[in-house]
Structures are given as C-alpha cells and as structure tokens.
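Right after this note come the structures.
In the two complexes below, subunit A is the common chain; its partner is subunit B in one and subunit C in the other.
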Partner chain A sequence: MTKKKAKSIFVFGCLAPAVILVCVFMVYPTIEVFRTAFFQKSNFVAEETFAGLFNFQTLLKDTTFIESIQNMILYVVLITLITMTLAILFATLLTREKIKGSNLFRVIFYIPNILSIVVVAGMFSAIYAPTNGILNTFLSMIGLDGLRQQWLGNPDIINYSIIAALVWQAIGYYMVMYMSAMTSIPENLYEAASLEGASRVKQFFMITLPLIWNNIRTTLTFFVISTINLSFMFIQLTTDGSLATETPLNYMYNTAFAGKYGYGMAIGAIVFIISFLLSALINKVTERDTYEF
Partner chain B sequence: MNKDGFKLYRIFVYVALITLAITIVVPIIWVMLASFKTQLELVSGNPFDLPQQFLWQNYVDAFNKARMGDYLINTVIVTALALVILLVVALPASYVLARFKFLGKKFFNGLFMAGLFINVNYIVLPIYLMLFKADMFLGFNFFLNNLFWLAVVYAATALPFTVYLLASYFRTLPKAYEEAALIDGCGHFKTMMKIMIPMARPSIITVILFQFLAFWNEYVISFTFMDKENATLAVGSKYLMADAKSQANQGVMYAGLVIIMVPTLILYILVQKKLTQGMSLGGLKD
Partner chain C sequence: MKKFAVLMLTLFVAFSLVACGNSSEDETGKTEGEQRVLKVDLFSGGNGEAVFTALAEAFEEAHPDVDVQVRIEKELPDVLNRENATGQYSDVVYYNLGQPSQYTETQLLNHEVLDITDVVEAIDIDEDYANSRIVQYYGDGKAYLLPLKTTPAGFFYNTELVGEGKEYPLPTTWEEFWEVGDMAKEDGRALFTYPTAGYFDNTYNALLKQAGGEDFLFDVMNWKEGVWDTDEGKQVIDIISKLVSSDYLYESTVAQANNTDFIRNQQAVIDGDALFMPNGDWIVSEMADTTPEEGFHWGLLPLPAMDENSERYVGSMTEQIWIPAQAANPDDAKEFLKFIFSEEGVAIMAENGNVVPTSDYMERVAAMEDGYTKEFFSVYEDATPAFAAVGVYDVSALPDFDRSAVVYDQINDLAAGTITADEYRQSLADAWAEVAAHPVEAEAAE
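Here is the complex of A and B:
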C-alpha cells in the first residue's frame, strides 16, 4: 500500500460517517421541505400531487399566516434589540466597573440558558398566572394593584409577556459571551483614554464597542435564527398559538400534523428563506472595518 | 464626574444587577418550593408563602403515576448514547477537515458550515416522515419510538456545530507533533488516536458540556418521535403541564420541572467556569 493510498483511505474513513449522517438527517430533510412545499400532500401517506405554486398562493391570502409573520418580525426586532442592549450593558458593567461579587452575578445570569425551554415555560406560567401568580401578587404587595394584568390572557399584552420571557432566557448567554470578548481588550487602552480625560461613556463607544464589534456581528446573525426557534417552542408550550400569538413554525407544525403536510412545508420553506435573508441582511448592514489591538 | 454623582451611579449599577439576579433566582427557588405544596396551597394560597410541610407526595406521584422515573432513565440513556455517537463521528471528521489536504475539502467544510444555519425545528417533520416511511416498509416500528435512533438524530443534528468547534480547535494545535509521529512510523489512525485527540481535550470537554445540556433538555424531536410511554423528561414535563392546565396536579408538575432541572443545575455549579470559558471557543449557538 502506498503512502498516498493510505492517506486517502484514512481521510475517507474519518469523513464518511459524519457526511452520511449530515446528508441523511439534515440535507435530505431540508431538500424535502422545499420539494414538498410544491405538492398537495394529505398527512403521512405516500400519495402526493404536484400543485405548483398553489400552496404559496394560498399562504398569501391566509390571515393566520400573515399574523404569524407579523408576530415573528415583532419578536425578532424587540427581542434582539432589548437582549443585545442589556447584554452589552451588563457585560460592560461587570468587566469595567469594580463590582463586588461580579463573579456571582455572572454565574447567576447564565442560569436561564441551562434550563430546558419546558422549565422556562412552566416558570413563566406560574409568574404570569392571573389570580395568584408571582407577578400579580408581587404588584399587589407593593401597592400597585392597578398594574395587575392577565399577562397570558389579554391579547393586547400577551406578545410582550412572551417577549419578556424570551429576553430573560437569552440575556445571560450573550452577556457572558461579550464579557469574554471584553476581557481580552488590553487594559492600557482604557488607561490611555482616562489620561486623555475620556468619560466612561466615551470609552465605551470609542474602545469597547468597536473592539467587540465582530463578536456582536456573529451573535446577531445567529440570534435571529435562535429567536425564531425559541419563540416557537415557548409558544407551543404555553399558548399554542391562541390569542393572536401564532408564530410561523408553530403554525407549520400544527398544519402539517393536521393533515395539510405540503402546506405546512410551504410555511417552513418561506420562514427558512426569511430567516436566512434576515441573517444575511444583518451581516451586511453591520459590516465595519475591523479594529485590531 | 463629581463624588455624589459617582456614588449615585454606583448605586444604580448595583440596583440593576441585583434586580436581574432576583428575577432569575426567585422563580427557580419558587418552583422548588412549589413542588412541595398541596394543590390547595397552590390554587388559593399566597404564592410567596412557604409550603406548610414538605410534601414528598408530589414526587412520589411524579415517579409513579406520571412515569417520570421511566422518563429519567430514558433521558439518561439517550443523552449518553447521543454524546458517544456524536464524539465518535465528529472527532475524526473534524481532525481530517482541519489537518489534511484532499479533493473536495472546501465542499465538505461548506457542507458543515451550511448545516449551522439549518435548525432542527424546520426539518423535524421531514425526518419523522422519512423514518415513518422506513418503518412502513419494514412493517414494524424500528426507527420511530426507539431511543437509539432518537440518539442518532440528536447526534446528527448536533454535528455541524460540533465539527465547527472541534475543527477550529485542531487548527490551533502545532503541526510538529504529527510530523514527529509520522517520522517515527506512526500511522495516521494511531497519530490521531494517541496524539491529536488527547491534545484536543479542552474542546472535547466543551462539546460534552454544551451537548449534554442540549440533549438533556431537548423536547421537539423527542415529542415528535416517541410515544407517551417511551418519552424523555422534557416531554414528560410537557404532558404534566398540559395535565396541570386541565385538572389538578399542579404540585406534580412542579416536581416534574425540578426533576429535569436539578441535574443540569448541579452540573452547572460544578463546571460553570469551564462552561462559560468554553463559550469563547464556540462563539455561537443554535
């Protein structure tokens, strides 16, 4: 056996299992989503009829679908803005200020990320419960009875209640990520800025933000995808799309299981493309010259 | 900034930090306490009251009536199996992608990168349908409702992220070790097993920690693939939540949430430093 042949066999043997698994359980199913979107297919049977663009045309007139896309955009925009702002703010405070117990805060803030979304949903059901929920009881205790709400029962605020829960879930993860980026910024940059008389706010915008910009970009790109998925799971576990909280993936799941499989996959295909385009757009818009230190 | 202003600013910082910490710690402790409460206390009592007694009955019911004991065993099996399959498959692939030049290398790198953008929620139904058809062909349930295949799907869908993480780590290791091993007559396989994989230990630990949490907590795939008597903890908790909405048993539901939550919390407390440091290796999540 020649050396070259041995190398080829080794490379093939190492790569083949992973490639096969990814092709069978990721590539093929993804192709299937896009293919069956063009078919009329009733539930889990083999028969399918080609329907051209029919599923997509129906979608454009489907008010539930349009509502779900609106919710998705609301979620992505608000959750991204609030989570990123708070995560960057708290990361800055914990790295730049001399905080007593900063390590303990970091440990606590990360906890929601290790909890199953089922646990998060169960917790927020208890927090938002109408009569003796944690939040309403707390509001009464501090004399703010007027603020008591049907947090998961009033269609006007239910989406914001869900957004709050998802922000709560995400802050710590991104905060820890930005903290590790911020601690690698050399201290002498800040010392020099202090000597020049730059305020803390100015230091943040002139030093911290530009130097962690690449981290922010990467996280933003994936945050969109992650938000769409987490909101799906959270909503499936709490409202299941009732009370104007439908999200596209939940609608896809329920539609496909209710027998309109092809139609469900058309929803999946569109959401997939939207989320991909959103990620690409964010990636483009946030493009800056990279600063090195 | 003058001295008073600075003091005010410090107070504001602490208030903000402590508020966020409270919103995280209180609900977790609350769920733990609620798991010991009676139905009456949960439905009509003040939520901030402590349980009148430590009622273990909720846990007994969760294990016996709600089968959380079976689900716990299933979850342990699936999580362990999926981690083993994932590492056995991902390590050689990552090593080869990071270290060897071969035809189509760019394509395979691209394949795994593209996988990062495919979330399992989009493809869980086509995977289900594929396994369903395969079972129809065989004439009996072999792929669906089977813990082994559930673990295979977990591992497969975690591959892109894992390969990305491990390959970036392999790239940072010095080449000299492999060259020395090859000169000494060590084959490719032996070099990988004896030298390179042991050197990649930090990244392997990161993968195990992250994916343990992901597999342990996973519920969409498990909910879609497994029958109720064969479910995992997260799905069992979902059933308990649905029960709690319709009838009694709220305490049992909270007991269920504690059962799924406690192992992850213990692991986190033991390894929190490694976990949060490992994030700078990966840099993204799905």
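Here is the complex of A and C:
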C-alpha cells in the first residue's frame, strides 16, 4: 500500500462516522420530508396515497399557513433588526468605552442565552401576566396606569410582546459574537483615526463596522434560522398560535402530529425552502469586499 | 477500496440500527413465563394513577394467568406512534377523543381500533351511552370505544359566593344569568371566564341540545350543512358571544387562555374575580393547593334554561378506552374492559371518585358517601346530560381544516374583538359546508 493510499484511507476513516451520522439523521430525514409532502398520510405508520401537488395547492389557500408565513417574516425582520442594532451597540460600548464593571454586564447580557426557552417562556408569562405581572405592576408603581396592557391578550400588540421576549433572549449571544470580532481590531487604527480628528461615532462607522462586516453576515444566517426555530418553541409554550400568532413550525407540528402527517411535511418542506432562500438572499445582498487589517 | 469501505461502513450502521430495533421486540411477546401479558397504556391526565393500578391488581387477582403491565404516559400519542411504527401495539389504550394530537380519531380513521360490540353487549352500560356516537363511532351499529367514566361538565362556581342567601342568587335562566352578571359588574367582578377556549366543548354540546334538541346536536356534530344559518344555530352563537363580550368576560381571560397560564383564569373563580367557568370535576384536585378552606366550595351549575318553562341541560363528559386492532392479546383486553364494568371494577373506580356509566349509575352515585362527586352528579336531577362525538369526515381531503381552531380558538378572537359574532358564525357555516362536501367514502367507514 502506498503512503498516499494509506493516508486517504485514514482520512476517509476519520470522516466516515460523521458523514454517516449526518446522512442517517439529517440527509435521509430531509429527503423523507420532501417525499412525504407529496403524499396523503395520517401519521408515519399509516398507509400513504400519492397526492401529487395536492398538499402544496391546499397550502396556498390555507389562511392559517399564509398568516404564519407573514408572522415568520415579521419576526425575522424585526428580531434581526432590533437584536443586531442593540447587540452591536452594547458590544461597542463594552469593548471601546471604558465602562466600570463591563465584565459583569457581559455576563448579565449573556445569561438569557443559557436559559432554556422553556424558562424564558415561564419568565415572560410572569412578566406579562395581566393582573399581577411584573410589567403591569411596575407601570402602576411609577404612575403610568394608562400604559397597562393585556400583553398576551391584545391582538394589536401580542406579536410585539413575543418579539420583545425573543430579542431579550438573543441579544447576549450576538453581543458576545460581535465583541470577539471587535477586540481583534488593532488598536492603532483607532489611534490613527483619533489623531486625524475622527469622532467616536465616525470611528464606529469607518473602522468598526467595516471590519466586523463578515461577522455580521454570518450572524444574519443565524438570525434567520434561530428566529424560525425559537419562535416556534416560544409560541408553543405561550399562545400556541391563537390570536393570529401562528408560526410555520408550530403549525407544522400541530398538523403533522394531529393526523395530517403528509400535509405537515409539506409545510416543513416549504419552510425549509423559504429559510434556505432567505439565507441565500441575505448572503447575496450583504456581499462586499472584505477589509483586512 | 474506497467503495468497499463505504459499503462495509454502511452495512455496519444498517446492521447496528436493525439490531437496536430488534432488541425491543422481545417485550412484545405474548407470554411471559406461563402468564399472558396484557399491555395497558394510559394517558396520564387528571384522574391520577392510583385508580388504574388498583384496577390492574384486582384484574390480575381475578385472572391469575394474566400479567397486566400498566404504563402511564403524559405524552402517550408520541410513545404509541413511535411503537406503532415498529409494529408494536398495546392491548388496551385509554386515550380520549378530542385531544390536540387527534390520536384516537386517527386510529379510528385508519381502522386500527378493534370492534368491541360483543363487549358492549355483555356489559351493563347505560343505553344512551351505548347507542351514542361516542361508542358507535362510525354510526354503523358497531361499538369501538368504551366510555370508562362519565362526569357532568357545566359551569363551576363558588357556592359560598353564589347561591341562596349568598351575595349573588343562583340563576336558573339565561336572563337571570345576565342579571347576575350585571350585579357582579357593579362590584367589580366578572360573570364569566374560561381556562382555554377548548373548554367550551361540553358547553357547546349542552347549548346545542338546549337550542335544538338531540337531533340538532347530532346534525351539528355530524357536519350537516346549513346548521349555523338556522335560528337555533344563531341563538347558540349569540349566547357564546354574549358570554365572552367585554360586559361579562373576566378581563384577563384571553391573555391567559393558553397552556401555560390557563390556571390563572381558574384561580380567578377561586379568588372571586369571575363567577362562573366551564370545567370538569378534576378542577377540585387540580386547584386544591390554591383553594382556601374557608369561604370556598365548588358548585356545578347546569346551563341556564332558555326560559322558565324549558328544560335544562348540562354537558356530560366521557373518557374512552379502546383496543387496538393489532393488539397481541385482544381476548384478555376485552375481559379487562368488561372488568371495568363489573361490580368490582365499578367499586374500584368509585373509590377514586370516578363514575362508570352503568345503567344504574345514578343510584350508585346516590349511595356514595357525601362529597363532590355526589354533589356534582346531583345536577342530573334537574338537567339532562348532553354528549356527542364529532362525526367522521374525509380528513385527508381537507388537511387545512382544524375543527378546534375554527370552533374554539376563534372564541379568543371573538373575545378580543378581532372578529364579530356574525363573522364567527359565518366562518362556522363555511367550514361546515366544506366538510359536508367531503364525507368519508362509504366503504371506508365499514
């Protein structure tokens, strides 16, 4: 056996377990999802009848599904915008400004991220509770009774209440990611800029932002994926889709495991395609020359 | 070489997966030593586990050659679906109709439920129940589900607050009911709340029967087109929308009408913030920790009558037990079902506060010790029970239709003011028309 051959066997042997696991638990199930989407099937044991595009045609006129996609887009756009802005702002403050106890803040901001979404849902159930919830009680305490709300009962604001919880949950994670990118920017760039008379704001837009751009692009994909996933779990634990808060994955779950497996898989297939396209689109439009230091 | 290695690795993984699958198969064996195994799988709900272990022990004593293996699961459909996928089936399943997972309905539609007509004929079951669509699910005269217990499910309230000589009089007609609501409103209390919108199921049954009798209830449950355009249908929607109007509904209801916070709506009745709510007898144990001993006692109100001279109705809830068609041990399973209706079985159920719908269940309840069960069942003295099962339709042709979303979840929208009563009624009418156009094919129902 030549050395080259031995090496390739070794490489192959090292990769094989991971590749097989990915194939068995990711690739095969995904193919199954797409295949089942073309069948009428009540659960995964039941007989299946080929239905062609029937499930997809039904989806196009299914108002609940359309509403869930609208919600998904609203969540992805707002959560990404708000979380990203705040995370970059906090990351800049904690790395560039000399704030007392910045390490403590870093820990505090990160805590929500280590909490399970079940705990987050429980916390916000206590925060948003209408009569004795933390938020409404606080508003009364500072004399703003007029602002008391049925946070999870008023259809006009319920989606924003959910978004606020998910933003709170996500900020710490992205802040830490941006901070790590920011700390690697050489200090001399900022020194040179300040000698030239650039203000801190200008430094942020001319130095910090361009140099962490690649990092921001990567997190955008994370935002799409995690918002779609986490909003499902959060909704499942709180409103379960009532009052027009349905999200696609929650709808998929409630359909697929309620005797309509094939239809649920069609929802899954569409969500897969949409999130894939969305990530690709974001990746494309945010493309620009990388600045190096 | 590469190809060979891929092949070997694939074979290895495939083999190990198959091996994993096989190892659990031993458990499905029909006999264990000399005993026959009877796998009884139960949904862990509000009834507690004690009653089922007691039943299993007593059954084993009466049938020494049977080993009853009771398993109680909170996520029963998930567990059973997983097992069914590998060809394993329970012998007895206790899982109700009308659950979000629709597990029982799906098994029925796939003809995975055993015909137990011989069991129903052999036991002393109340005729109304035996002939209901709950038991004869497809309406073909054959029995598939056995109601293992029954309980009245009307409006629950605090007898220390509402009743003769108390702060509020006990209403007997809807008119009086709204009057109590107006009185309560002046005191800063609400007339009504509901835990989640799904709790309207029994209220609906009673209301429909009240408005148009058993035939109307049957028509609505079996998707007859046009039922919501009738005067009876409109009357039912009017009452529902009045119940959840801002005049009478506890303000925080909708915000808390979800799986996490529904308990706060139930607490509102205990705290006196709301007077009535639809619920079931499990409420007593469910809320025991936060119910004060003084100044509170649960009461059960049948639905108020349409007027002074008309009959009163109360929803009657049953829980169902059934045998999978592919059960390994159907004979002992049938015996187990019969055992629940035997003297001994009924007694064990009664010890744990459960009433089996035998033909003489009212006399049995009367002979029970004083307590909530007896008090709750006393509503049947002046109210007729209303119960029904949702009729079959071709689910696969209407995958985007979800009955509970259309009928119940929209009550939240109605309460929140995003839809009007008329829009709600219209959406029900549209849904019924669509379902009526998709009946189950005749041969499939046989």
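Brief remarks on what is shown
Keep in mind that, in the parts below, the second predicted complex is superposed on the first by the 278 of 293 C-alpha atoms of A that agree within 3 Å, B and C clash if a C-alpha of one lies under 4 Å from a C-alpha of the other, contacts with A are read in each partner's own complex, and residues count from 1 in each chain.
The rule is simple: a residue touches a chain if its C-beta (ideal position, glycine included) is under 8 Å from a C-beta of that chain, and two chains touch if they have at least 3 such contacts.
Source: prediction; values computed, not measured.
Once the complexes are laid over each other on subunit A, subunit B and subunit C cannot both fit and instead clash.
By the document's definition of touching, neither partner reaches A:234: not subunit B, not subunit C. Legend: residue contacts after superposition of the two complexes on their common chain; A:125 is shown touching both subunit B and subunit C. Considering which of subunit B and subunit C touches more of subunit A, the answer is B. In the superposition on chain A, A:5 makes contact with subunit C only, not with subunit B. In the superposed model, A:110 lies in contact with subunit B only, and not with subunit C. Of the two partner chains placed by superposition, only subunit C is touched by A:152; subunit B is not. Of the two partner chains placed by the overlay, only subunit C lies in contact with A:263; subunit B stays clear of it.
Legend: residue contacts after superposition of the two complexes on their common chain; A:271 is shown touching subunit B, with no touch to subunit C.
Looking at the shared chain after the overlay, A:36 reaches subunit B, while subunit C stays out of its contact range. By the touch criterion defined above, A:75 reaches neither subunit B nor subunit C.
Overlay on chain A, subunit B versus subunit C, candidates 133-141, 169-177 or 205-213: the clashing stretch is 133-141. Subunit A residues 8, 13, 24, 44, 46, 121-122, 125, 129, 237, 257 lie at the interface with subunit B in one structure and with subunit C in the other. Residues of subunit A that touch subunit B in their complex: 6-8, 10-11, 13-15, 17-19, 21-22, 24-30, 32-33, 36, 44, 46, 90, 93-94, 97, 99, 105-112, 114-119, 121-127, 129, 132-134, 137-138, 141, 168, 171-173, 176-177, 180-181, 199, 215, 218-219, 222, 225-226, 228-229, 232-233, 237, 249, 252-253, 256-257, 261, 264-265, 268, 271-272, 276, 279.
Looking at the complex, you find that subunit B touches subunit A at residues 1, 10, 13-14, 16-17, 20-21, 23-28, 30-31, 34, 43-48, 88-90, 92-93, 95-97, 100, 102, 108, 111-112, 115-119, 121-123, 125-127, 129-130, 132-133, 152-153, 155-157, 159-160, 163, 187-189, 192, 213, 216-220, 233-234, 237-238, 241, 253-254, 257, 260-261, 264-265, 267-268, 272, 275-277, 279-280, 283-286.
Touching subunit C in their complex are the following residues of subunit A: 5, 8-9, 12-13, 16, 20, 24, 40, 42-47, 49, 51, 55, 58-59, 61-62, 64-65, 121-122, 125, 128-131, 150-155, 237-244, 254-255, 257-260, 262-263.
Subunit C makes touch with subunit A in their complex at residues 1-2, 5-6, 9-10, 13, 17, 77-78, 81, 84-85, 100-103, 105-106, 109-110, 197, 251-261, 264, 273, 395-396, 399-400, 402, 405, 409, 412-413, 416-418.
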